[in-house]
Each structure stands twice: as structure tokens, then as C-alpha cells.
Amino acid sequence: MLRRRVILPILASLFTFVLVVACTQANAPTGTSTSSAGDSGGAAGGNPIPIGIAVAQTSNVALLGQEQVVGAKIAEEYFNQEGGVNGTPIRLVFQDTAGDEQGAINAFTTLITQDKVVGIVGPTLSQQAFAADPIADRAKVPVLAPSNTAKGIPQIGEYIARVSAPVAVVAPNAVKTALKIDPNIKKAAVFFAQNDAFSKSETETFQKTVQEQGLELVTVQKFQTTDTDFQAQATNAMNLKPDLIVISGLAADGGNLVKQLRELGFKGLIIGGNGLNTSNVFSVCKQLCDGVLIAQAYSPELTSPINQKFREAYKAQNKKEPPQFSAQAFTGVQVFVEALKALDTKTKLSTLSPEQLRTELNTQILAGKYETPLGSISFDPEGEVNQSQFYVAQIKMEQDGSNGSFKFLN
Amino acid sequence: MSPDVPILEVQNITRRFSGLVAVNNVSFAVRTGEIFGLIGPNGAGKTTLFNVITGLTPPSSGQLRYGQTSLNQLRPHQIARLGVARTFQNLRLFGNLSVLENVAIARHLHIHTGLVQSIVGTRAAKTEERQTALKALEILELVGLASKAEQTARNLAYGDQRRLELARALALQPQLLLLDEPAAGMNPNEKGALSQLIHQIRDRFDLTVILIEHHVPLVMGLCDRIAVLDFGQLIALGKPEAVRHDPAVIAAYLGGE
Amino acid sequence: MQKLLEIQNLSVNYGAIQALQAIDLFINEGEIVTLIGANGAGKSTTLKAISRLVNPVGGRIFYQGQDVTRMAAHQVVRSGIAHSPEGRRVLTRQTVLTNLELGAYGRSDRLGIKADLEKQFLTFPRLGERRQQLAGTLSGGEQQMLAIARALMSRPKLLLLDEPSLGLAPQIVLEIFAVIRQLHQQGVTILLVEQNANLALQTANRVYILEAGQLTLTGNAAELLTDERVRQAYLG
Amino acid sequence: MGNFLDSYGFLIVSTFWGALLGLSVYLPLMAGQLSLASPGFYALGGYIAAILSTQVLPHSGETYPFGFVLLEMGVAGLVSAVLAVILGIPVLRLRGIYLAIATIAFVEILRVLALNLEITGGAIGIFSIPQPFRSPVGYLWIALPLLVLTMVLLYRLEQSHTGRVFRAIREDELAADTMGIDPTYYKVLSFTLGAILAGMVGAVSAHFFNTWNAKQGTFDNSIIYLAFVLSGGSRTFVGPVVGGMVLTALPEVLRTIANIGGIPLWLGGFLQAMRLIIFGLLIVLGSMFYPQGIVTPELLNRLKLAFRKQPKRIST
Amino acid sequence: MDITLFLQQFLNGLSIGSVYAIFAVGYTLVFSILGIINFAHGAVFTLGAYFTYFLSGGAVGTNGLLANLALPFQFSFAIALLLGSILSGLSAIAIERLAFRPLRLKGADPLLTLVSSLGAALVIVNVLQYLVGAEIYTFSEGIYGDLPASINLGTAERPIMIRTVQIIIFGVSAVMVGILTYGIGFTRMGKALQAVAEDATTASLLGIDPERFITLTFFVSGFLGGMAGALVGSSVSIASGPYFGIAYGLKGLGVIVLGGLGNIPGAIVGGMVIGLAEAFVPTDFSGYKDAIAFAILFVMLLVRPQGLLGRSRIQKV
């Protein structure tokens, strides 16, 4: 008995060590691919090209990460059916980043060193990007950020680019639209989720725009993404009689805030930030979401062929309109595929060493122009996205409040 | 201190616990060098009085003097620093430490190397550590535990644990030693030996001893003077013979008819 | 007379300390047996082993011929052994009445319980006066009475009493011992642990003397009251 | 080997931080104080390093001077120490769970402050923190010596009189008090040592993670560090080291197992999805089967005996 | 602050507080009997919300293993709430069996249950995510019948608006607390429970089986926690998915310590105090709202460690 108690922990640690070593030696295909690419369509053979997807599949960020996973999977299937990269299929390798920095770095490291991906789409949060992107940049692996909107992301390094337009570009449109709808707006109140990097960046733009448009900013209320009860803060804000309320938050908290503002009798216009740009909001505030203006980088109603296909595929699976996060993840994969195609046409990919491939790919990504579900996009030399179209939508809920849609105003 | 001066003066000490008066207006003085017995039925307030003297429970009212110093406002370690050591009735050894370590802890007041010195391992620190161990062993020798120095304290037999309590208190090199039922749980032979040991210690270290004990023969044989507590009150004080025949004591302590 | 309780070879350890070393004792139906000895000799431990608050490392306990060594504490009570523990341990945050009602927790005969409550209030009139008072506000003597009354509420065949005189005024001690004798006359078998050896010997039929976890002497209480060794050791 | 370090450099260094943070909880626990304040000092240390390296200390060239990192660690340790003394004196009067909760309150208050202050950058935090090394493996130059040094110091501390005093207070504070030991002094000392360690680890971690924000050092971490100590074993410093390393590595090892070539795809996917579930189960089962933690002093003694023929002599 | 605003915020505070209180009652109940904190209580809160959601006819979203699953029948909200709470109570018993009892029987350090209950919470949260995804689930509109969304307790000119669902939560909480107070204070079982809480050893001497009452306590705690989760979920959706209850776990800790650990009326008072304090945070300091609870707690621990309604314990020497 005594001896067993000594030996067990030693055995356990030995076992762990052996496993770790074994994994490094394993050159067999690794990573968990979602669909076996070879079977999924018309694409011809060849070893599938691995592209890493590092988003939050667990933790409390998973709500966003899940949407990205769905978008990326649709892209994988779609592009492989279209023939992959000139006949060679792609293979997405998913590594969960969870919600923290450590997880993001671990996921990136695994994708780079073990899964040997040509590039990475991820991570979900800007804070995670600040931690993990430098790893990829130093390893010279191109990264496309699908949802990192904070200031400074493309500047992390030359291998970092994003398909998610920074909030500074998207947000002002909504305020202008609100003023168009109701020119009598004088006072505005701003709410934002202070523990969310995205909302914090966005609110700065909103506050600036509100003041530039000559409105009086009566109060700035901070909350947390984990908050659900806003009665006290809503009361305080409403006491200052604002005509317009601008909210930067995520779906659950933002939706609840809208709902409670309305229930407590707020009649004015509400602008929701990009975090509320998901049909998840509908289920939270239901009928009361009606009329909320939302600044968006994506519209399901864009009539381009690629968006139509994406929208159909998404709706077939999920029975609802695709959210921006899915569209952006799709776009991330698309940019990789198209850049790979272009590169392959110039120089056969199989002739390139992995290092060369990644470097050339990065150059190609920044050089190209892409017709995506987000519209037509390209990148500036730093890796910042140039997106041609932004949208302001107004939420229209069905009578029973069970479902709704974004009605685009421009 | 001269033998005539009381080493400890207890003046009108009262201690209440939410309604219950555990010690009620008790006064006595303990002379330097004597062995002073404190007896009384269980629950009479003896241990509470010890706790008050050693600073574990502040008195509700009254004065405590140790020589010229008032003990009223002092915390236990400050009182220990003045030279007052005690043992506990219900054994409060450092159970997971070795016997030697238990005694070495009590050398605290005589150890002067600080954290940094001992971590760096200066010569002074090493010397002092060795001296501490030697001194501790010497004391263990005295109580007959030297051979068990390396054992974990909680693994000792009950009587040995009592002896270790005593050794630990002695290691402080106190002037006043308070022993709370030192013979509890010992057989008659052990009790006899302990009685001798206490005498021996008093003489060798020039101590004053206050002792709580139930075992009447032991108290009678050992103590110079005895105070009897009942219901928190001092009902008798004097030489063993006098106390023994005090009717109030017989009534309270022996529960006589 | 029949043996109500019999203990064979009972040993109890606290960690490395041997609290009881292979003791044997028995109690006949209708007896008062007392267990005396110094502090730490193992008296309370013996009671705790019987009521299963501690686990023996060896030996067996038979109650009415049945082996109860492995029973759980709450089952022991239901089989008819009540334990009034050392230090009384009344539930200080509950009223006197609730304490008594909980004493009858294992019973379901409402009328019987009611009758027994009245009986306790008759035996201990002071508890009757204070029935709505929180037990924590009672005096020590009253708490001791409550502890005994509470133990009686389970209608025990065997009552284990641990130091009922602890910290009580002589007057009250006498009162309590009067009650103990009265209970005895009513037919309750009692195992009494007592530091007041004089009183214990005067009350009990038989006596066991414990020293450092071992039984050293046993016999008729009246005889031991005059035994020189006992006088020397315990009576001063 | 190079490949191995590339793959696991970050993880290996992370396990070292785990060990050190476990030790920062263990230090006050040596003196019986259940403090969960480590994440607070960790966060504080990180902010100090992040602010110093991005705004105060000038540097040119690709890599950030190594000496500056050490300087930041020193500053972080010092500030943590001062704060620990100020905080410790009132808070350490509390016992057990109350102390734990007061320290959790401290951590939460620091977090909310970090979200609201200008200088800490709110939720976005501070990013583009300069790198003293080319890859995460480089941090071994700090992590390894720091861990080894801390372990050596702790080993000596445990052997010293101060360590003995800590243990005595943990066993029985009142008895120690009557031995002439001032418990407050030693409690604050152990608390402060733990705080310094957490602050220093925070300072390097800011570089290690490239960024620092208010999510670093939260209530969750409080409990996780406690898990390091309790599952590793709380009666010798080896316990938290083992616990910190194993529990930091475990989720990643599970990820790696999911990635092994021979494993069927469904099982791999299952393992990856289940890895946090398995992690949680292992914590529960670990508590059940190793209530004393994996490493106990007794285990160490047996190991010692196994390697050494004779038992250790008393040093007299 | 004018009187209308004051009244409005006062009511807001009470309604927030009642949510904290009902969460904390079950939390503190476990402490009262075992003297340890059950970190999995937040997870049980989440479970209650999910159970009730599914029983009242809600469907699983598209991301979990159980994608698109829904019960073939549905219960009215009241029944679903009751059944969901019972299931939560049973889950709490399972947690006790898995993460508490084995350690208790082994005599392990009570602190270790902090870790094992955290492990249990981790398992629950991740199993939930694996099964039903991370989506926000919202109870269907009609669960409270045709009640208006909010009620004006003031005048038309000076409205004092309160959300109806908050009044319902307040009411249900009050009823539950009433039942609990009666059950604990005035029934035989309740008195036995109190006896176990005060002194388990003595209780066993009275023929009370402490283990049974520990099981019962976990059930009641889980029942109340689950009901709190379902009610809050009906008000604000299962907002952060499987992590719904976790945020309450931390603040609930503040509430129960503020009220005095193990003290049931204390948990209610503590909840109300923190709810009101948060409601009255000045507009300009909204960012510090989350720290209020802990600042109050911190100060109180230093001044009165036993909590607002707790008793001080005399240390036995």
C-alpha cells in the first residue's frame, strides 16, 4: 500500500512525459479536422492544405467562437466543393483558445508547430490577439483576425491582418443615421461594457461622434458583460432625459439593457454597437428589440453571389440569418483560399518550402482584392482591411417577438 | 527578585463570558520561588484564570502584576517575553512537528538570527541553530524524551505528550511556570516521578511554579501553598494542611454530604 | 439479573494515543454503575464508544445480547441507549422545549411524547418555567437538567451520564443526584461517569476504576467507598 | 530538441509560472494563512512591468534589455511588499475562510480599479509589450533560475527557525503566541513573501503574454492557485511546485493527446471537446484520492529513504 | 436626488437584492450545516435555468451535441419551474455525493472542498456547453401570461416603473423564504436540521442521522438555487449560457459573508444591502458598481468579521 502511493505519482508523471514526447515525434496528420476534405466534393487529391482556426470553443466567449466555427466550416465545405486551391483541398484545423490569453497562445503554438498550418484565422478577442499574434508574427505565419476590432491589431506585425473593420470606421454611421431619422435629437446617453475590449474601443468612437454631431453627452454608464440587471443604471440615465441611447456591449448584456430600458419606459432611439449585431439579440429583447439601430460590417441582404451562397448554406443549417461573426470567419477562410490560389497560379505550391509558402502567402494576401460576403475588401500594407460597404440596419421584429430581421437602411 | 516580593499579584480579577462569571473577583499573590497549587472542581475557573494570566483572555476587570509590570494590556507573546511560560490542560503541541522542533520553537526568544541570515546560512546562524538543538536536547533529556526527539509529536503516547508540553515550557527559560494539570492521564508511578521532576526543575532553574491539579495527594505533597477556587471564587488560600481541613473546601471539592 | 450491556476487549485510539486498552465491563439491567478515574483516564471515551461517537479499534459491544459495535450513533439511540454528554452540549440556539422535543426525535408516538414532556417538567420544574427560553441562556445547573431530561425523552433503557456535576454548585449537584436516584428507582439502568468520586460511590451499585485507559479496580460501590486505596487516590 | 522546445516552450515556461504562483499561495499557508490575494499581486506586478516597459524605460533595438526585466521584477516585488504589509496587518487578524474572502475582495477591487483607471488601459489593457527574448522558450532564462532559487530558498526557509515558527503558527497560533512568538509579525511576513513572489511573476508574465489586461488575476485564478497547492500537497514546498506544473500542463496535455496520430478522429474530437470536462473530473477525483495532495512530507521521506540507505541523523 | 428617483432606485435596489438574496439563501444553507462553501452552487443555479427552460418547451440550439432537441411535450411555466427546481435539487445531491461526501468521510481538510466543488462546477459548465452549446436561451414570451412588461407604481407624470418579472421574482423569493423559515423554524425536520447545524455530534446522540440531513440540505439548497436560476433566467435570459451562474457565485459569496456565513436571514439582508448599495451608486461612478459589494464586504470583515447578523464565536482555549 505504502509502496503504491510512491509509485503511482511517479508512473503518472512518467506517462505524461512519454505522451508529450510521443506527440512531438508523431508526424502523422494531426489536429482535429471537421470533415474529411477528400470526400467532400469535386476537389481532386493531393495532401489537403491545413489552415488553422483558433477561436474560443469553450469558456464564456464560446458564444462568439461558436458562430465563427460555423462560418469557417461552411467555408471549408464550400471552397472544397469549388475545387479547393486549384484542385488541392483545404483542411481546417481547429484549436480551442478558450477565453484567455494563455489559451490563445497555446492554440496558436500548437497550430504552428504541430499542425504546421499555412495560416491562422483567429483569435476571437482582441485581448487574445495582443497576446497570441506576436507568436505567429515571429514564426512568420500569416494571421487573419476575424473579429478583432481594437486599435493596433494590424500593427502587431507584418504577418497580422484583419478582415474585421475597426470600430472607428463602422460606428459613426449609426449616429448619423439616427439623426437622419430624428433630427430633433439633442441629448445622448452612452452605455458600454467596460470589461470588453471591443466595447471599450467602440464607445470611444461613439462618444466622439456624438459630440462631433453637436449632441450633448449627458452620461456615460459603464457595466460588465456579465451584468444582466440594468434597472438602476437605466433609471439614472433616463432621469437625465436623453433622446438617444447608444450601447456598446455584447448580445446578452446589450439585449437585456435594451429590454429593460424599454420596459422602464424609454421611448427614444437606441443605437446598438457591433456587439449587438447578431440574431442572438432577438431572443433576449424580443419584441422590444424593434427599432434598434445597429452599425454593422456585414449585411445578410447583400446581393453578391458569394454572400447569397453563404447565406443559403447558413440558413439551411441554422434556420436563421447568418450573423456577422460567421460571415467574418467565412471571409477569413476565403481570403486564405483565394490568396493560395493566386499564389499557386504563380508558383506551384508544392515547390515551395513551408517557410517560403507562408511568406509568399502573406505577401499575396495583402496584395489581393476579394469579393466576400462582407462585400469587396482589400488590405492596406499594414494589414488593415479596406471594406467598401458598411451598413446601418434597424431591427424589425415579427409580431409575436419570436423572430426578427435586420432591415438595412442604406 | 527577593523571595519576599510576590512575583505575581492577582488583584480582584473577574472574567465574564456572556452572562457566565468564570472568575469572580479573585485576589492572591504568588511568592517568588514557591510552588503554588490551584485546585477546585472542574469548571471552577482555574484554566480561565491561567488564560487571563497568560494574556489569552483579557480580564473583564481587575489588575494583574508581574513584579512591577502590569500584564493587563499585554498580548501572550509579550507576557511570554517577560518570563512567563505555561502548559495546556488539553495539550496544545505542534502535532505535525517533531519532538525536537516543538522544543526548538520555544527557544524563540533566545534565537537572534533573522530570516535572511538563516536562509543564507551564515556561520552565526548555523552555530545558533546547533546551540538551539543542543539546548532542546538537554531539556528533553531532563524530562526523559531525548530518545524520541525525532518522532512526530502527535505520535507520542499521552504521558509523553504531557512531558513534552513541560519541556516546551521549560525551553523558554521562564521565571514563572504555569502548569495546567501536568499529571492528567498519568498512572500513579508516573505521577510520582512527575512530582519529583517539578521539584527538581524548580530548584535547578530557580523557578516559581503555579500548578493546577486534580490529583489531591500530588498537590498536597508538592505545593507550598494552595488556593482553592469554586464557582470562580477563591474559597480558601493557605498551606496544604490548612486547606485540607477547611470545611468550605471539603464541601465544594469533595462534594461531601 | 440480566446483562443489559456488555463490553469485551474494547480499545480506542486517538491517533497514536491509546485512550482505551482492551477494557471489559458489563451492566446489569436496573443497575447504576459508575466509572471513576482521573482526567484523561478514558471515562468519557468509554461512553463515546458505547454511543458510537468514536470508533473502537478493537473489541465488541453487546446490547441486549446484540452486537452494536458497528451501529451508527443515531441508531444506537433508537435502540434504547441515551447519552447525556460531557459538557452538557445542549442546543444553545434552540428553546428548552425544542431541545426536549428533539430528544424524542426517534419516536413517533405523539401522545407518549407529550406525556413524557410533562413528566420531565414535573421532575425538573425549573425547565417547565423556562420552556420557551433559549437553552443557551440557562444556568449551568439548568442546562445539566435539560441534558438529562433530553436524554430521557427517548425513553432509554440505558442512560449514559457523563459528569453531571461538572461545574455545578454543591446544592445543585445534590439535586441532580437525587434525580439520578429517582430515575434508578423508576427502573432506568444508568452508567455514570463522575469525577466526584465520593458522590458517585454513594450513588452507584457497582464501580469500575479507570487509570490511563485500563481498568484497574472493580467492585461493589459500598465496599470501595471504604477502600484505603480508593480513598488515597480519589477521596483525598 | 529544437522542435520540442518550439512546440512546448510556452507550455513549459507556463508550468514554471504555475509552480511559482502555487508557491506564492503556499507561503502564507505555511503559517496557516489561507490567502487568495496572489492574483491581485500578480496583476499588480504585471501592470507595473507593462507600464514601465511601454512608457518609462527607453530601449532601442529588436530585443528589450534583459536587465530592464529584472529591474521591473524588482520594482514589482517592492511595491507588492509594501502593499502586502499595509493590507496584511488588518486583514490577517481574520481566520480561515474569512481571510480567504477578504483577500478575494481585495482581488476583485483591484480588478475593477484596473478596468476604470486610465493608465491600465481598461479592458483592452496594455499591449505590444517589448520582448526580451526571440521566443517563449527564452523565458526559461528567467523562469528556471527563479524557480530553482525560490525552491532553494524555500527549502532553507523550511529548515530555518523562521520556517519552524511558520509551521508552529499553522499548527496552533495561540500556543505559538504563548511561546513568545508574535504571530502578527510572522503572518504578515509570510503573506508579504508570497506577495513579492506573485508580483515578480506578474512582472515577467506581462512580457511573456505580450499584453496585460484586467482579466489577468481574477477570482478564478485565486481558486486555481489554491488548487495548485492543495492538489499538489500543502505541507511541503514540493507540493505546490508539482501541483502548479501538473495542473497548468494538464489541459494542454489533454489537447495533445487529442492530437496524437494514431487516435481515431472521433476520439480526438471528443477528447478536445471534453478536455475541460476531464480536467474538472480529475480535480474532483484527485481531491478524493489524494486528500493530502500528491506530495506529502511522508512521501518525500520514503523517497529519501529509498535513495539513501541510512536515515538522516539528527544534526546536533 | 428627488423623491421619485429615490423611490425608483430604492425599488430597483430591492429587486436586484431579492435576486442576490434568493441565490444566496441556498448558498449559505450549505455553509450553515457543513461549515464549507459550495463553489458549485453557481453551476446549480445555471442548471435550474436550463432544466426549467427545456421543461417549459424550449428547444436546444444548433451548436451542442443535443442540437435541435426539444421535449415532445411542454409544461406550463409554474410546473416546469417546480420540476426544474427539483431536478436542480437532485443535481446538488449528486454534487454532494461526488465532491463533498468522499472528502468528509476521509476527514480531509475542509478547504479541499473548495477545490473539489470548483472541479464539479467546471465539469457541469463544460458538460452543459458540450450538450447544448453556448447560446443565449430565452424563455418563451408567454410564461407569465398576459401581464404587462412593467407596472407604474408612481403617477403618470412622475412614473416609478418596475418590471413585472422583478415583482414576480420578489414575490416568489419572499414566499420561498417564508416557507423555508417556517420549515426550518417550526417543523420537526427543520428543528432537527438546526440541531445538526449547531452540533452534528449531539444531534446524532438524539437519534438524528446527520448524513440524511446533509443530503436534505443539499437538496433544498439546490432546489432554491435552481429556482433562482430559472426565475432570473426568465427575466434576463440564460445570458452567458453555461456560465450564467458563475458571476452570481462570486457576488453571492459577498452577500453571504456580509450577512454572516450560515445565517439565512443574514443572506437576505446581505442581498438587500448589496442590491441597494449598487442601485445608489452615483451616476459618475457606474464603473465601480461591481466593486461596491466587495468594498462593503472588506470593510465589514475588518469591523465585524462575523457578519451583519452572525454571532461571534468564543474561542475555546
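Order as written gives the chain letters A, B, C, D and E; numbering starts at 1 within each chain.
Methods note: a residue touches a chain if its C-beta (ideal position, glycine included) is under 8 Å from a C-beta of that chain, and two chains touch if they have at least 3 such contacts.
As the structure is a prediction and not an experimental result, all values here were calculated from the model.
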(request) Would you mind naming the chains that touch chain B and likewise touch chain E? (result) C, D
(request) Look at all chain centres (mean of CA atoms) and spot the one farthest from the centre of chain E. (result) B
(message) I'd like to verify one number: the distance from the centre of chain D to the centre of chain E, where each centre is the average of its C-alpha atoms, in whole angstrom.
(response) 31
(request) Calculate how many whole Å lie between the centre of chain A and the centre of chain B, each centre taken as the average of the chain's C-alpha atoms. (result) 72
(request) For chain B, write out the residues touching at least two other chains, lowest number first. (result) 56, 88
(message) Two-or-more-chain contact residues of chain E, please, as numbers and ranges.
(response) 126, 287, 290, 317
(message) Show me the residue ranges of chain D that touch chain E in the complex, using the header's touch definition.
(response) 34, 90-91, 93-94, 97-98, 101-102, 104-106, 108-109, 112-113, 115-116, 174, 219, 223, 226-227, 230-231, 234, 273-274, 276-277, 279-284, 286-288, 291-292
(request) Please name which positions on chain E make contact with chain D in the complex. (result) 36-37, 39, 98-99, 102-103, 106-109, 111-116, 118-123, 126-127, 130, 250, 253-254, 257, 261, 287-288, 290-291, 294-295, 297-298, 301-302, 305, 315, 317
(message) Which stretch or stretches of chain C touch chain E in the complex?
(response) 51, 53, 72-75, 77-78, 82-83, 85, 89, 91-94, 98, 101-103, 105-106, 150, 154
(request) Over in the complex, which chain B residues touch chain D? Could you list them? (result) 54-56, 75-77, 79-81, 85-86, 88, 92-97, 100-101, 104-106, 108-109, 111, 113-115, 118-119, 121, 125, 129-130, 132-134, 137, 149-150, 168, 172
(message) Quick check: in the complex, which residue numbers of chain E touch chain C?
(response) 188, 191-192, 194-195, 198-199, 201-210
